[in-house]
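Just so it is clear, A, B, C and D label the chains in written order, and each chain counts residues from 1 on its own.
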Amino acid sequence: MGEPAYNSTELLICIAARQMPDSVTAFIGTGIPMLAASLAQKMHAPNLVPVFEFGGTGAQLKKLPRAVGESRTFYRGVAASGICDIMETAARGFVDYGFLGGAQIDPYGNLNSTIIGPQHHPPKVRLPGSGGANDVGSLCWRNIIIIRHDKRRFVPQVDFLTTPGYLTGPGAREDAGLPPDSGPYRVVSTLALLDFEQDTKRMRLLATNPGVTVKQVIENTGFELVVPDRVGQNEPPSAEELRILREEVDPERFYI
Amino acid sequence: MNVIESGLGELTQPLDIDEFRRWNREKSRVLVDKLMTEEEAVSRFVYDGCYLGTELYGTVRCPMTLVREVVRQGKKDLRLAGQGVTELDLLLAAGLVKTLDITYIGLEVFGTSRALRQAVESGQVEKVVEWSNGGITWRFKAASMGVPFIPVRSMLGTDTLRYSSAKVVECPFTGQKVCLIPALVLDVGLIHVHQADRYGNARIEGISGFAFEMSRASKRLIISAEEIVDTEEIRRYPDRTIIPYYLVDAVVHAPFGSHPGEMVYLYERDEEQLRGWVEASQTVEGTQAYLHKYVYGVADHEQYMDVVGRDRLASLKAAVEGR
Amino acid sequence: MGEPAYNSTELLICIAARQMPDSVTAFIGTGIPMLAASLAQKMHAPNLVPVFEFGGTGAQLKKLPRAVGESRTFYRGVAASGICDIMETAARGFVDYGFLGGAQIDPYGNLNSTIIGPQHHPPKVRLPGSGGANDVGSLCWRNIIIIRHDKRRFVPQVDFLTTPGYLTGPGAREDAGLPPDSGPYRVVSTLALLDFEQDTKRMRLLATNPGVTVKQVIENTGFELVVPDRVGQNEPPSAEELRILREEVDPERFYI
Amino acid sequence: MNVIESGLGELTQPLDIDEFRRWNREKSRVLVDKLMTEEEAVSRFVYDGCYLGTELYGTVRCPMTLVREVVRQGKKDLRLAGQGVTELDLLLAAGLVKTLDITYIGLEVFGTSRALRQAVESGQVEKVVEWSNGGITWRFKAASMGVPFIPVRSMLGTDTLRYSSAKVVECPFTGQKVCLIPALVLDVGLIHVHQADRYGNARIEGISGFAFEMSRASKRLIISAEEIVDTEEIRRYPDRTIIPYYLVDAVVHAPFGSHPGEMVYLYERDEEQLRGWVEASQTVEGTQAYLHKYVYGVADHEQYMDVVGRDRLASLKAAVEGR
């Protein structure tokens, strides 16, 4: 038997899901994070507590939410409150994991989802804006960034710093007034899994995706990555992961 | 107060809590019948150049009937507080927006908003001030508390703060840096709810988004409701009232008032029409055709429901999941 | 027929009730304010909206509350929320009238309900403390003070300024940061009805209670009162006021 | 931050929001059964010298069963946030209080508190810091928001502020003076509710006092509940949960847990016993006799109900007004 076929979205979801341990709270945004959380809940993290921006806490993700405020974000949840309660719950340190995306990322995990180009207004390209991302990036303990991997996205400096990563490096978050010991934790890209080096807070290659070489990752990154001597390899989605993902997480094939 | 950093963004709505107090002092405390059509509510209380806000977000419990009426009446030069999908997209697409306190305007899973890109990149929207979702809601919260600002630990260290009108100061108790978010008082707030009585006492089921804060941060408040209930019902369960009547200026009866979005426990969102908008909004012609079909070309919400189709609406109701 | 007999509490209640116009919101504390609000609601102010500190709004005061948080403070009300919502509603300028009491009052309507004696701790006499009074005195538009009238209570300077009146005089509230145009409105005492002179913000005699002379009021006041040329006379409780008070407002005679 | 005035009162609980975050990070997120006796809850989570807070107020939904257990176990040197009638009066009368952030301790319509006078005037309570009711609740609110302070427009210009630990600063947006209220994080919070499941998801009917804010401002939270409900019921109506389980350390089943106070829709307050306390608390002997009869002399809440009398409790239930 060969390995099961899968697409790149499915791979991202599976790798993101594996980053979440059991028994944690996770701030879930639209799209891949929802699928990753749902998959994790059904695989290895039955006690994962999803928290949604506009008030849902502890939903049972039987059906996949299609938006951050919709009914399924609190379906059979333990609480349905409002955005202030959720953001302030994160401010008090109760939210372990957050998920982030963006159009650009820099070596310190800072993200841009606001504009492309040098000028704020009028901009060359207007993107949707921060949304809850800045709050998630500021207040959750560990953030997982999910992003397509190419040189246009992995840039030395973001055009606009929408959401804080480690800002300018070690100590910069704390200097800015952000809560200590928080920040980006992993980057799950279409090519690799990355984290941030303890001492420099710069992005570091942890493992490449199936069929991807270290060289390819470096070539598709617009800044110098920290590349340790030993780089791991991400396992492809297992048959079980794919079955649950396709049959239970997103049977309507809304996302995958 | 020693300010370490000041956002470059302008306060697109002047900040004057004492003026807000004086305004609120003049609002009636009497239970009077405020039930009216969306046409009357919007023509009486929304005006060119006013600062407008909508709640909730995306495709969830948005005041679509009220927003369509604002577009129909062509209220222009609007200043907006922005987080939205279908509701603010309509206002942008119709060219009615002058300034934007933006946090997120996009189509969520369907991608970015063409309407936003066109309106902002062209400079048609004259000013854009950045916030996070938390930030903009905390602005309402500050206003709802009757104070000029509240401190938060978000937005710090970023361009989001730099292009906002927030400020950074040192906490006089702990010495830590905090971000001060200025209060935002809306000229007009639009909120869609599950139930209201004719005086404006309103209830919401499921998540409450930022209805509590925004209702209390609005000088004028227009409520649309799926159902008009008797005040007797309100008085039996006063703990379920999230918006008390004295905050409210108009009550509009609007079943399916969040369509094509959803209303929890009542109806599902209309995927087909949402996708229809995504597609239509890619071009100027498509946008105009959509607006003509669903807004300009229909007289009111009743006719809108006819155009959408009563059967289709019934099927959205039938699709609702239980509790 | 002679005038109906009444006691001093009944008189205070009736005079306080008369100060409240119809169609206003009033922040109601325990005791006499509750009876006054209820009497006013049943007499001339059917649209009076009582607001209670711990969350009750718009209750129909069919039965008299015995405490500021109890069931009757939101019985058939239009909303039952919490203390922050109520205090912040007052901060936003939505509460027209407030009621205050105290152990001492000075010429500017400042009140003491914290300690008696020169030293804060340990004090000669410890009183209950501010409670909601400071918030009411700070945030409501017009405050009505209900207080027993004698020289021990009407003092040149309060031992402890618990709740702000006009502080040190004209402009002082605004200088301190308190909302403009708010402050004490009337003093309903066991001897007289008083207000505050526009220019000086000092307490002024408006009308004496039945059987009380201006001289008696002056003699029982520990500071110089503003006494205008014409001082009115408060009407005693009418037969109708007394009937409603005794039969409808407090039939259990909990307070009167 | 340019401070114009600083209250003289000490922060009787150190203010460290980052430490609160670290504490909360360690709290379990798992649904585990927390149902236990009041004896176990208090012995596990309340300790000598801890900073304790109770909700609601006066004779309304107070955690009397839990407070009686604290007195029974003689937890001492307590630091307290004070607004209360019967609940804090018991702690003061039993001589267990070391410092007091006070707003109001009195017997409402029954007059002043002898227990407070004795404990404070004698200097037995070592420190007293003044607040308004709004002020102390805003302290909880600041903590619940995860920020070191919030600005308010109360307490300004008074000795209440002077003997508080608040500060006055100039608003950097408007120039107006505002009072900054420092966050208060409780070591232990005690809250009595209508319903909770065994994990701690809790509901309150009627006014919610400051349960929302205080529950979120407590490092340890003990909930007592009139009724233990199934989690299925919680999940059917998630919008009625005011306190989610992860905030909670212990759930105690305590019907009549607010007695001699009231519980809206369930039972009326016990006038006779309340007056009994007022009378008893006038003398040392009376106080001791009362404490012996209702606290020291009974093993637990079940026995307390026996001493009060099941018939009397039933009559308080029968006296409840409808909705």
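FYI, contacts are C-beta pairs under 8 Å (C-beta built on N, C-alpha and C of every residue); 3 or more make two chains touch, one makes a residue touch a chain.
What you are looking at is a predicted structure, and each value in this text was computed from that prediction instead of being measured.
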{"item": "Furthest chain, CA centroid comparison against chain A", "value": "C"}
{"item": "Winner on C-beta contact pairs when B-C is weighed against C-D", "value": "C-D"}
{"item": "Whole-Å separation of chain centres (CA-atom averages), chain A against chain D", "value": "40"}
{"item": "Between chain B and chain A, distance of the C-alpha-averaged centres to the nearest whole Å", "value": "28"}
{"item": "Interface hub residues of chain A, defined as touching at least two other chains", "value": "56, 74, 76, 80-81, 84, 91, 139, 179"}
{"item": "Per-residue overlap in chain D, given as positions that touch at least 2 other chains", "value": "18, 145-147, 152-153, 176, 178, 206-208, 236, 238-239, 323"}
{"item": "Chain-level touch network, classified as line, ring, star, complete or other", "value": "other"}
{"item": "Contact pairs between chains, per stated definition", "value": "A-B, A-D, B-C, B-D, C-D"}
{"item": "Complex contacts: residues of chain A adjacent to chain B", "value": "30-31, 52-56, 63, 66-76, 80-84, 87, 91, 110, 114, 120-135, 138-139, 160-164, 167, 172-173, 175-179, 254-255"}
{"item": "Chain B residues within the chain A interface of the complex", "value": "56-61, 82-83, 85, 102-106, 108-109, 112-113, 116-117, 120-123, 127-128, 130-135, 137-138, 141, 152-160, 163, 168, 176-179, 206-213, 262, 264-265, 268-269, 321, 323"}
{"item": "Complex contacts: residues of chain A adjacent to chain D", "value": "23-25, 47, 49, 56-58, 60, 74, 76-81, 84, 88-94, 96, 139, 141, 179-181"}
{"item": "Chain B to chain C touching residues, read off their complex", "value": "18, 20-25, 27-31, 143-147, 199, 201, 216, 231, 234-236, 238-239, 241, 244-246"}
{"item": "Contact set on chain B toward chain D in their complex", "value": "1-3, 11, 15-18, 145-153, 167, 169-174, 176, 178, 180, 182, 204-208, 236-239, 323"}
